[in-house]
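As structure tokens, here come the structures.
Same chain, two partners: chain A is paired with chain B first, then with chain C.
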Partner chain A sequence: MKLSRCRFDAVSAIVRKDFLLNLRRRATFAAMMMFALTATASLSLSTGGALLDEKFLAAILWVVIFFAAGAGIAGTFDDEAQAGTLPTLKLYGDAQAILFGKMFVAFLSLVALSTFILPIFLILFDVGVEKIFLLLVTVLLGLIGLSAAGTLTAALTTSAAVKGGLFPILLFPVTLPIFLPAIRLTEISFTVAPVDSSLLVVVAAFDAILILAASILYDYL
Partner chain B sequence: MNKIIFLLTAAIVVAIIFFVPPIKGLGELAKIIFFHVPTAWVAVVAFFSSAFFAAKFLRTRDFSADELSARAAKLGFVFVLLSTISGAIFSKLTWGAYWNWDPRQTTIFVLILIYGAYLTLRAAVTDEKIRAKVSAVYSLLSVLTVPFLVFVLPRMYFSLHPSPISSSGVEMDSAVVIVLIAALIDATLIFIRLMRKGD
Partner chain C sequence: MTIQFDAVTLTFGKHKIFDGLSLKFGCGKIFGVTGANGAGKSTLLKLAGKIINPDSGKVTFPDEKKIAALSPEMKLYDGLTARENLKFFARLRGKILSDEKISELGRRTGLDMKTFGDERTENFSTGMRQRLKFAILLAVDADIWLLDEPTANLDDAGRENFFAEIQAAKPEKIILLATNDKLEADICDEIITLPL
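This part shows the complex of A and B:
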């Protein structure tokens, strides 16, 4: 009980630290939002009000979220890496607290991103949502997986010479089990088709697998 | 080992040209499966080998395990490309299109992406110790996609890919089955030989 309380304190301290640093370094957050807005606007503009298939719309939404997320969370460990403070941080807190703290901050950033871009997307593409609750649950579940895999991927690319392009290359194959069912569920939420709840189970199961795997593998870094 | 591989390969080529009958409903051109199936098999074997040596490296910090993991991934990348190209040709011959995101095609393409990402990560990290650590972790992380590719993806998308085994048993001529099994063994031996090349 004491240990879990201690770990919770460490996680919340990491969340607080990263949140304050993000406030100071607002450019990354703004870049993520602007990336999503620019991508959505350019796609909407180029399709010029054409009637788009729900499947295509769902795919566009997730592609925008995926690449905007990449712009936002790729540098999750960059501050510590540049200052050389990660080993010290690991000594004072523990590695798991750092991972889960950063994962939670990444999740909050992605929730903010989706809250910003989802209404704009629906308006610009004139999408009628038939099942709003399904859409919200799908987005939240998708973001959990993206945050888990994204945080570990960010830790992997910290020492890489080229980071910008590398992050999405590494992240895409491992998040595909979330990506494809999430696109299908999003498509269903735009239509009157019946909900395939097994797909929700798949996304939730892969979220759990990714969180567990990130927790186990981060200790080896 | 070289002699065995050479003789087996020669025997398989002769058997494919002279003894194997045209495959039911697919004709003479479909004999490309004797190249396509073994290369796909080795691509998957190499993927698991790379992950196995990655886990071994993380457990022991033995850099020879890291080298083997990287070698398996490099070989896997070559084999997966060969398999994809031969599969696309087979697809064009039988379905009329090189690519249609069939579940098997998606699986093989995800393997290309994983191998490509792994090798790019290795190229991007210059410090030998860090490179070994991060690439081993990525190799193991990418294994997580396997249950999805094997169990979930085929349920999500309709497949045109021929399934050799059905509820009524193996739906292939016995000569085809024998040569195909021999080709699988041959390709596996080639992979093992190439893995041991640096020893």
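This part shows the complex of A and C:
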């Protein structure tokens, strides 16, 4: 498998480098957090404390995560292209190491985003979580798929003139097979309904497919 | 170990850069590539490094050989320090640089790592950036060096360091040097002049 070509030390170097740069600049991460916070707060205020259906609440949570993730992941490669560092990175780094390094950075950013926004969402919408472990597993599995698809889409749209608009349009259909079961699982976690474990398998399977597809397709970009 | 161009053709827009170009580059010599602006010097280096592909013809490249490059197009991470940049690019190639090795690279390239090592490169002058790129070139220990105006922005001492290093490295490496600078051209063993 292509993953075996990917050297761990190169992946960890990219993760460390991006972490340091993000920590020093903070702009991308702050934009992602602020988008999530603003969207959640405005949706909460607009619904005015109404009693909302669990399915609707689950959908709101994933829509917020999707668009906030877009604000962060869209620039994964474009920031490097704008700074002129992308050719240097591609010259010295193995393609698979670059892909998996960037994917891991995206995943860590989304985990941080979710850690920040999930409690705020639950408080603002007054949601009672019946199955916290299911909710956490669902969010983590959803973020894995979103990171894989988002990283590949970011690589695809790097040279596009209208990347801001193109990124969510391309990302949405790719992540839909993950979002639909993730929304259903999130809804179940808010209720006492029995867990449908086949949905977890579906999300995990699509995560694996997206990672594999990203690994194969990235070599051709 | 050779890089071979066989009947390479490449067109950018309406402009045919190369039309049936055939060349062979091997170890032990510094190959200078000269020509007027727009003649395709940098493009030839990109083809040699398989960074771009020809429209037709073939570029035969040694398997599993590693490239390093020094070019104005290559940028450093300005948010990282000189030391962090060096360590990062070496690590991409699986090399872990000790502090002693970093100091040694600094000495060889004329970049005082004690003074500037922990400074972010956004504060560096163009010449200092060039010295750091030169240190990265040495750190990654590649088999093929693609050098595009490598001593541009370097002072006399920087040039001397560079010329000494390139002469010492040439027996084991394929070295291509694109230039319009007379001093750079003078250290080349063979010159290929590209027509406009």
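The rule we apply is simple: the second predicted complex is superposed on the first by the 211 of 221 C-alpha atoms of A that agree within 3 Å, B and C clash if a C-alpha of one lies under 4 Å from a C-alpha of the other, contacts with A are read in each partner's own complex, and residues count from 1 in each chain.
Here, a contact is a pair of C-beta atoms (placed from the backbone, for glycine too) under 8 Å apart; a residue touches a chain by one contact, two chains touch by 3 or more.
Given the structure is predicted, the values throughout are model-derived calculations rather than measurements.
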First (chain B), second (chain C), both or neither touched by A:173: first
Partner chain in contact with A:33 - chain B first, chain C second, else both or neither: neither
Contact-wise, after the overlay, does A:97 reach chain B, chain C, both or neither (first, second, both, neither)? second
Just checking: does A:17 make contact with chain B only, chain C only, both, or neither of them? Give me first, second, both or neither. second
A:9 contacts which: chain B (first), chain C (second), both, neither? second
Residues of chain A touched: more by chain B or chain C? B
Quick one: classify A:181 as touching chain B (first), chain C (second), both or neither. first
Determine, under the contact definition given at the top, whether A:156 touches first (chain B), second (chain C), both, or neither. first
Of the residues on chain A, which ones does chain B touch that chain C also touches? none
Which chain A residues qualify as touching chain B in the complex? 149, 152, 156-157, 159-162, 166, 169-170, 172-174, 176-177, 180-181, 184, 199, 202, 206, 209-210, 213-214, 217, 220-221
In their shared complex, at which residues does chain B touch chain A? 58, 110, 113-114, 116-117, 120-121, 124-127, 130, 133-134, 136-138, 140-142, 144-145, 147-148, 152-153, 156
In their shared complex, at which residues does chain A touch chain C? 7, 9-10, 12-14, 16-17, 20-21, 24-25, 83-85, 87-89, 91-94, 97
Listed in rising order, chain C residues that touch chain A in their complex are 49, 51, 67-69, 73-80, 84, 87-89, 91-94, 96, 136, 140
